[in-house]
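Before anything else, here is the set of structures, which you'll find just below.
What follows is subunit A paired twice: with subunit B in the first complex and subunit C in the second.
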Partner chain A sequence: MSEEGRVTREGHPKRGRRRAGLSERGVERVLTVVALSAIGVLGLITVFIFIGGLPAIAKTGLWAFVSGHKWAPGRGVFGIFPMIMGSLWVTIGALAIGVPLSLACAIFLAEVAPPKTARVIKPAIELLAGIPSVIYGFMGLVILVPLIRTHLGGPGFSVLASSVVLGIMILPTVISISYDAMKAVPEAYRDGSLALGATKWQTIVMVLLPAARSGILAAIILGMGRAIGETMAVIMVAGNATMVPGSLLDPVRTLTSNIALEMGYAAGTHRAALFGTGVILFVIIMLLSILASFTTTARGKAKVNPKP
Partner chain B sequence: MAIRQPNELHPKVEVKDLDLYYGQHQALKKVSLTFYANQVTAIIGPSGCGKSTLLRCLNRMNDTIPGIRVEGRVALDGTDIYGRRQDLTRLRKSVGMVFQRPNVFPLSILDNVAYGPKVHGLKDRARLSEIVERSLAAVGLWGEVRERLNVSALELSLGNRQLLCLARLVAVEPEVILLDEPASALDPISTLRIEELMRELQKEYTIIIVTHNMQQAARASDRTAFMLSGELVEYGETRQIFTNPRDTRTERYVTGKL
Partner chain C sequence: MNNRAIVAHKVAVGVLWASAVLTLGILVFILAYILYHGLPVLSWSFISQSPTEMGRSGGILPTIVGTFALTILALAIATPLGVGTAIFLTEYTRPGPLTRVVRFGAESLAGVPSIIFGLFGFMFFVIYLGLGWSILSGALTLAAMILPTIIRTSEEAIRAVPDSYREISFALGGTRWQTVTRAVLPSALPGILTGVMLGMGRSIGETAAVIFTAGSTLRLPTSVTDPVRTMAVHFYILAREGISMPNAYGTAAILVISILAVNFVAYWLMQRFIARHS
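For the complex of A and B:
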């Protein structure tokens, strides 16, 4: 094995290596530029949103802007507290519905289902991710909203409807990432647990899930990102009233919906206030992902990563 | 190490006419032998001879591999473990296994050792910590880890991880301990520790070890079985196998000519 390697290495004189080095460096440079431009775009977007949004926030005052209960662009009153609460409730609802379902599904696919079944179901689930969000919204609008209206009361357009639609929309993300995390758990852990007389279920709950924890957390966080950022489907089923929802059956407006619904006709301070909404959304998402990566790496280091 | 007289020996695991097929391939051919209680029995043979497969038949770990078929009889204390009414979790509680590569769980040292008793329904914390201490002491790890029981088991050295796997097994109080090349990933000092430990554990358990290492078999076992391409060639007292083998294939293998 090493014999062969040595022959090849010595077989190629320096000239060949230098040429490889040149194209190697070229590729590295191109890749660096591409990577930097991605960061550049992120930077530009950040700057753009902040420039657009800060005047409105400054005019209203940060605290009044984020804690104000009234959103009345016509009178120049800009308080986005209802939208912050809206995004929060809808996201929590989506996670409450989507995460248990996803985990159950991932466990089933990774550990219980016969491999053949898993090979059919997994791609089918991933196909869910390819359905445009407006279709989800449409299904919610014609099926879910009337169902809620007739059976549970209220207008139907509600936190509940949005949570259900978003809960379904995050399924493919959360399922396939947590499935991968569970599949990445070494076979040796399963064997070790079974050989001690543990049942399959005990093995899953006590060994596999803890071992896959950081991957599952990452899956949930990505699902959360998808839920908080989704706009179209939510607009169609949420009702979009600018009030803090008092119950699951009340209509709700999220931060993203607020921007999408009004940007088309907004001007002046109103427009800036929508950018300001974007700034707050941006900050919330940043905080969430920092928190998330912090928890995953901290836990990952302490518990999961084997020593080299 | 004094070898007990044959009339003292108590049969613990009896294997009779065992055939095993992976699909079309026959990995074990009419294997019959008896493992005795409180003895260390080594199974030796070249790679692919079926020694690990035989070992995995004794706690039915082969059941997890799809497409496998087992025929014949394996009896633990006279009861057929391939019988229809055999409870797998109970079987594996009595016949425990340590694998080639230390497979401690990514949990704390404490949780690793407490794992077995917990899955078998023990909840009492005081009892659990008592078992943890006793099991770690039994493998000689207690002194080293008593101060850091809540540290991840993955922080331990490879050798200590394998000892932890043994402690984890001892905690469920099995009757038979199967060791599948337990020292092949370890350094010489850890290897010796495992061998000494086998001698220690032999007082309470029946030990069956699969090994590549012939010195290890010669040093640490009472009886040795030699296997070749799925067949049991020769089985007897270790001293006899290594000094006076009856089969020429055994002779060639133990003298390093095969």
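For the complex of A and C:
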């Protein structure tokens, strides 16, 4: 675009060019500043989360902070190991439930669904993304928790309840990104496989999925980021006990819920320790985000590699 | 083609259908459950009166006002920034180090969890800038959160405008800015508005980012420096502390209806946009 723009501007009558040229340069400068807003906010977030959290991490020591089993704000003991394990557990659980369902839905939409059905299901999935997380948490609280308590035992508030709720919440993210990855696979790949006599399902498993795998991987990583970062829904169903869960039916506290549960009344080192929890969470999320962008840039290089 | 492959195909297709039906079923169940329990609670007095006894009785007017005040202010802040960024990326630069930085910022910001936005908003707007728990602090935090959504959808909408629009404008002697404002943006408008509506939906439903920045008072706000409680926060407090289940359902119903309305408008705008450009 800029090529045409330049040519046109030079072709202007003199007076018009000067007036337009001046404002043009002004506009360009303003837009450049505006465009830096997102990275600017990201920078501010990084700075202020670290400012808030580093005092507590420095006081406790980074290793003691992340590996300590005890979280006792009243006595000034801050160890977030149970929360790190808690986040890990519920995230793995969410992926175990959400990823197979998401991939099945994405394959369905991309390959199997009649166009009319797809036109109903796609917006429905987008709507699923629009439902507030407190509503998901509430549904878990009134449906899932009692169900687990009566049929499987334990308090009901558990790793399992959190995993199911989060598994549902990551569906829209994983579905839409892996759907895009599948749609990006050239038609010729499918045609080639079908022409060789493969069934549609064989084509999906042996041609489509391998070809779309880096996009699918990115979708899973982004879904993972959503599961780790989710707060309100987890608080309502997780039970929030500060211990490493021993089974799927044990209550669990995640990094996010640790922050949200105690921010309301925390002060001093306690508040700093909550920001410290935020620092650890933020670092995990940024690592995942970088990992996801790596896999998407690798997408172009993906090769079809059918199994023999 | 052997029989086993055909059977496997049929079973697989059945499983795929079942998955799609299950996902759709989850959505329908959640909406139906909330509306079934919430709609009977709704009345004119519920939406026009202030709560009494911490929300145990009375209506939810201040939380409705608070939610929309926060949302509208957040959109007013984020929309110019987001659309400006999108214009910069599509019309004013070529891909290079600068666009990579801009894009990295937007993509990373999109992945930041809302609780982190809440912490940041609390530390930066509430404490550091001294704005206190207020509509302003909450709206600025929400604006930061929805910025990536608006950037991405606006960029897609602007890119979808055919180059011929720009060429005609340039050929008529339009400057680049004239081309953007008079040829590109009007045509991209429904697409951009879709992004704005999606940002609106996220703002309305957000809890973690506003509870520590906008506060949770139940008083009716009179200015942007007043603290507010949003519907989502109110619902969370009512349900979690078991203050009043009926009122929690009523609040959830209004929340869900607002989200549905916003999403339908977004969907409708998107259809219009697609129809215009295909």
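Note that the second predicted complex is superposed on the first by the 260 of 308 C-alpha atoms of A that agree within 3 Å, B and C clash if a C-alpha of one lies under 4 Å from a C-alpha of the other, contacts with A are read in each partner's own complex, and residues count from 1 in each chain.
We adopt the following convention: a contact is a pair of C-beta atoms (placed from the backbone, for glycine too) under 8 Å apart; a residue touches a chain by one contact, two chains touch by 3 or more.
None of these values were measured; they are calculated from a predicted model.
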{"item": "First, second, both or neither for A:Gly197, with subunit B first and subunit C second", "value": "both"}
{"item": "First (subunit B), second (subunit C), both or neither touched by A:Leu171", "value": "second"}
{"item": "Residues of subunit A touched, compared between subunit B and subunit C (which is higher)", "value": "C"}
{"item": "Subunit B versus subunit C as contact partner of A:Val159, first or second or both or neither", "value": "neither"}
{"item": "A:Ala188 touches, of subunit B and subunit C: first, second, both or neither?", "value": "first"}
{"item": "Subunit B versus subunit C as contact partner of A:Ala110, first or second or both or neither", "value": "neither"}
{"item": "Partner chain(s) touched by A:Met206 [first = subunit B, second = subunit C, both, neither]", "value": "first"}
{"item": "Which superposed partner A:Gly130 touches (first subunit B, second subunit C, both, neither)", "value": "second"}
{"item": "Subunit B and subunit C contact sites that coincide on subunit A, given as residue numbers", "value": "197-199, 202"}
{"item": "Of all residues in subunit C, those that touch subunit A in their complex", "value": "1, 5-6, 8-9, 12-13, 15-17, 19-20, 22-24, 26-27, 30, 33-34, 80-81, 84-85, 87-94, 98, 101-102, 104-109, 111-120, 122-124, 128, 144, 147-148, 151, 163, 166-167, 170-171, 173-179, 198, 201-202, 204-208, 211-212, 232, 235-236, 239-240, 248, 252, 255-256, 259-260, 262-263, 267"}
{"item": "For the subunit A and subunit B complex, residues of the former touching the latter", "value": "186, 188-199, 202, 206-207, 210-211, 302-307"}
{"item": "List of subunit B residues in touch with subunit A within their complex", "value": "59, 61, 64, 88-93, 96-97, 99, 101, 103-107, 115-116, 118-120, 152, 154-155, 165, 168-169, 172"}
{"item": "In the complex with subunit C, residue positions of subunit A that touch it", "value": "1-2, 4-5, 7-9, 11-12, 16, 20-21, 23-24, 27-28, 30-32, 34-42, 44-45, 48-49, 51-52, 101, 104-105, 107-109, 112-113, 117, 120-121, 123-128, 130-139, 141, 143, 168, 171, 175, 197-202, 204, 222, 225, 228-232, 235-236, 256, 259-260, 263-264, 274-275, 278, 281-282, 285-286, 288-289, 292-293"}
